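Once you've had a glance at the structure underneath, I'll fire off some questions.
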């Protein structure tokens, strides 16, 4: 570590359209968390985007008047060496692969989605081996670095890293910070005065308490019927009786489970009209990169906020900041379960409020776990464990078990046919399955 | 207890068409388990059947030349008083209610089945309060009696009794004994030489080992592709790759989960053609009672074996026999979980191999619990816990949670509409919901 | 609650010599935590002391120029009514009882100590019923109040309250804050920069990490050999090899277990020379009350710090402050275990770092629990559970089991004889045992 | 395996004075469990005894008229190759080492005993590495063999084997079978009609139920005051009030904990008069071997029953018999904990009633675990875990932790000095500690 003279940060997948947001965060927090070197890393296929976004980053830093050096590289190892923080925001197979993840299941009458269901599973199968490769480099070149993973499916990826490497890693999602902002806004308080309590795992969590200056406003929220959602999930109202007897606010990703029929119809209709979310994102990204090219642009453009992963980078910068400064504040991240949920394995990843210290996040046991949700939680976590095992071994039998036991998949026959087609379609990115 | 001079047994629901089978069992085992008094109890609506079946029972006993007294009564308390064993085989709402349980879900695109899914839930809501009433009588009048419950859904009923009464109860299903017989037949050995190991809960179990004289034949069974099934579930072949990667043989009830689409289509087609299983059973029962009326009939007629619950009574008699004689043999029954599965509550009912002693069944921890099945198991058990709570409180919100979290129900909207219709249709039998 | 216009605090045992410290704390924190009414409560026997210390409290408040009203009363219910905080610092049987707790065991060759071993057990038997009586008043008159218990044995008392009442209670000990201060002093940092991690239960904990600005200094501490201790426990050096292989710093109370022989000899020698700690404290208290009587005294006298329970009140005021202001800082308190230690019951009290929020303390799972200490921890907790049961039932058999299984008691014979003598000597304070 | 034509059994430590008992067992059970080859193995130092006892074995077999071949060998690998059963009954360091184990602690005021306390620990340190060596041979030469370990400390040895090898091993002690015989005798029933339930671990168990033909006679036993004990532990009456409030009958080894003072005095007095148990056993063994030499002796001499380990071999033969014949009867053996006790690790060895099947023992969860004993159980198991780790690593720090946390050791100082002396005295047998 060389953080005496400022920090070294490596951003794997640095050519992403999100990068300007994280750069903005580094600029704002420079005084308390000075970044000496920022390394944006990408692969050959991403070189062009890396250059565009990298030049923007340089202009932003220059305008801010801070001495951070911005490096662009295709050499991951050079970037990782002695880094204090490594973030990963990669997309194996690019948006084309996402498109397939979203399209194929629809043919089988199953929800096609980036992180949930068969689409999420294939994304995991492609991504886990690549992330573990990155981890081998970190183990060797920067064993003390914190790895912040916001590559989806973040829960699965974080669990794979914890089970199979010695890297100090934390998984990150923008969904919790979005709810916190939503809660703060509802009550006209600052973000730090709003503290939701989350139960569950990544993209499958329930808000079971919503403290505003220490007072729980959950029932008010449920009664008020104001809904929080995100740009990548269709807003579709919850049934009041259901929420009220549930005694919790489910994340919008839970609509895929609780409103499976309706969400499938919605996805299918959109697909037939405009294509799936992958196509939408492609267009947004193209527009963003057009903006980024503008040599007069010296800050994060407003349009980025509509991209879907809003506040991802804010979450990441906050987390680095608290790790670096031993802030001991509460943030919601993905870590290993330990004893928190007694019906999940100790090495399962969970998404949970943590106190962030310089020696890492310490999870806070939720004060109430509604018994209603334990079954679904266990069912999805079982699928996740099998998916990790399949990704690493390339064992089709295990992959079949994972998919056949996924709550969104209606039968073994569907699971098998769909799996075969999806594996074949991803052959290029699945060396473990096609040796 | 008066078992010095022979035992007193009370059969609640004694007018059932199954009764001749249990009588036959008592006759065969008379020497080691002498029944002094056999009380067949039924309710006013069942009086006619009780008389028919009761007279047959008397003829059977007479022919066997044993001194067992057969009593017919509508007075449950008289029958229970000082009994050594109480068995329950009741059907609240009769076959008409079962018909509704099977029909209504089909309209919503959901599997309608006697014990699995919405049908099983409504059956539980009707049955649990009645069973708890019976338990109050046992607590008062025969506190040392063993209660053998084979009223479905047997797992839920057994768990409700364990949680809410002090009665010494054991839940019983014919599915395990059927598999044991199937296994013995495959290998040409006696039943006692065949020992399957079951993982799971009632109507949701997996055979994870199949010992024949101590050697595990599970893989042979899977490879051989011979299927065991039952008359009330359509035989529909398992996918070999699925079974093989599962490493276990699922009970036929698991087809409702693993082949949801196909089973729904099958049920719907049958329904449109012949009505559901309730209608089939009605016809079979009518025929059986015609046979029973024959005053020359002095033994259990062969036709009873086609009834669906084959060997239920054999299982019950075996169990009583081992309890009475402290046999310490292994039988598969429903008891409380304790520490057996660390992801289920201690007071959850499970279906598990037990050593049967005179002080009760002692569960044998399964030697292998495939991680694949833990999610589904937890999901269904969560539904069961909520169903018990709903049955006792009459709380619609909890009932909604139970149904909405059932793996066979595709959305909250479907759950809510279907629940409302089903509750209304059962109004007469649900005083807790309609006060 | 009436905290709109400032808080109401009831101090049960207000005539204690510690009271000036807590008053000082309230004065210092007045701006962020304004106390409207401070009620000092005591019993008839303590009236004289209450008046002395109460007058000093009034002079202190007056000098500070804050509007807090100080009330002195023997009417506990009047004090508790609508209180925001209730603190308990009582001593059932006064110092005379402590003297017996310390003296009698010595005759049997067993360590006599206020909170550890047979002395602590008798203190618990006297105290638990009185505390539960106080809790009945709180349940009725101030159900939303936080009860801060610093009556010893604090772990046992806290667990009894959690198990048998609905009062929101937190147990408090000065030992953790003392270690934190010790750590801060060693490294010349402020208290908030020093964060020890504690594993264990009240008076039986181990420091397993010692963060100074986020860096763990534990090994340095062990290697440096600087010892932290307290005025009520003889400083006796730890064996370096032992500490080093233990990988933790034990609290000084652990000397009673790890150096049983030496500590017994030391206690016995002191006893023969100067009497036990009770006698020492009697003399110190007498001197303190002489000081308190001085009408010119308007602040906490320096001498109070030598009293033994140094910083108890600082800990209490810090805790109230963070509860009131939702500070979300980390403090070490006694709460129920939940899932934190998987080898202790969920309702066992543990002493653990917590985040203090306005809805209560949330425990932080320790990052490392040395396997070495689990046995001793479980052994003492088993004794504690039995002691609570004995205190409430007055069952001598359970009391015998508690004492016979205490690690400091060498045999059942000793346990039985010693128990009989100690119960008899406390007859007046043990109505449950002498009905 | 070659059990088509009869079994091959290897007895490691075959020169033991116990061997005639096991040979007698094989003769009696020959029809149901035909032993084709019996290999008695010993080391060079034991050659003389091996020959004496081996010749007796041959005479016994001949007289019985069975075709079992008896082989005597110093070549362990030859004996193990393709064996069906391997039993271990070794004593590393011979009786001289036991003498030191018993003598040295007395100097430090600590109980010196073969399997409990410091003596048992040193025995474990000497024995575990040798047993693991034997296991390496079994893994290689007879991977399907069952290893029956009755080498003490049997619990520790069994746990070490389970943790560090793939051998199918079962630990065996004669204490449970002795209690069963005692119970049967009290009630004049056959052994199979008496079923005690044991809670705990090897040499630290409690009888919590005592079924005679299915009826629990535990309270009668406690009230009757008849004591069961063994020849190697002084009979010293239990306090009735203690037993009665304990609600269980402790094994005689628990006297070392519950009557530490008295047992120490007794051991010390015996030691000063006749030497410790090692000396007594030396004399008994010398006499036995004199008898064995008699060429007219063709059966197990009566005197062997006074040797101390009575019925050890009966227990072993019963176990082999049930494993071989898939008897599914209940026997009490040492196996891994799994989920049986939720406060002990899954891989801890426990002594528990098991159903013995041809695929191994399946543990029966005890129906009642008195909370009273959990602390002591956990404390001793913690010591055992540390001892295994110390034996394998040779780490003195861990050995010190083990001893310092043993309930019989009064202080760290004593632990350290005693450990140093004992390690030094065993230097020859502790290569891991003296590299």
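The first chain written gets the first letter, and so on, giving A, B, C and D; residue counts start at 1 in each chain.
Here, a residue touches a chain if its C-beta (ideal position, glycine included) is under 8 Å from a C-beta of that chain, and two chains touch if they have at least 3 such contacts.
The model shown is predicted, which means the values in this text are computed figures rather than measured ones.
J.: Between subunit B and subunit D, which partner chains are common?
T.: Under the touch definition, subunit B and subunit D have no mutual neighbours whatsoever.
J.: Where the contacts of subunit A and subunit C overlap, which chains show up?
T.: Under the touch definition, subunit A and subunit C have no mutual neighbours whatsoever.
J.: If you list every residue number at the subunit C and subunit D contact, are more than half found on both copies (same) or fewer than half (different)?
T.: same
J.: Centroid of subunit C to centroid of subunit D, CA atoms only: how many Å?
T.: Those two chain centres are 46 Å apart.
J.: Distance-wise, how many Å sit between the C-alpha centres of subunit B and subunit C, to the nearest whole number?
T.: Comparing mean C-alpha positions, subunit C is 55 Å from subunit B.
J.: Which subunit D residues sit where two or more other chains touch them?
T.: 342
J.: If we use the touch criterion from the header, which chain pairs count as touching?
T.: Result of the pairwise touch check is A-B, A-C, B-D, C-D.
J.: For the complex, give me every residue of subunit D touching subunit C.
T.: 238-239, 241-242, 244-246, 258-262, 342-344, 371-376, 378-383, 385-386, 395-398, 400-401, 404-405, 407, 410-416
J.: Any idea which subunit C residues touch subunit A in the complex?
T.: Touching subunit A: residues 195, 209, 211, 213-216, 326, 328-330, 338-342, 355, 357-360, 362-365, 367 of subunit C.
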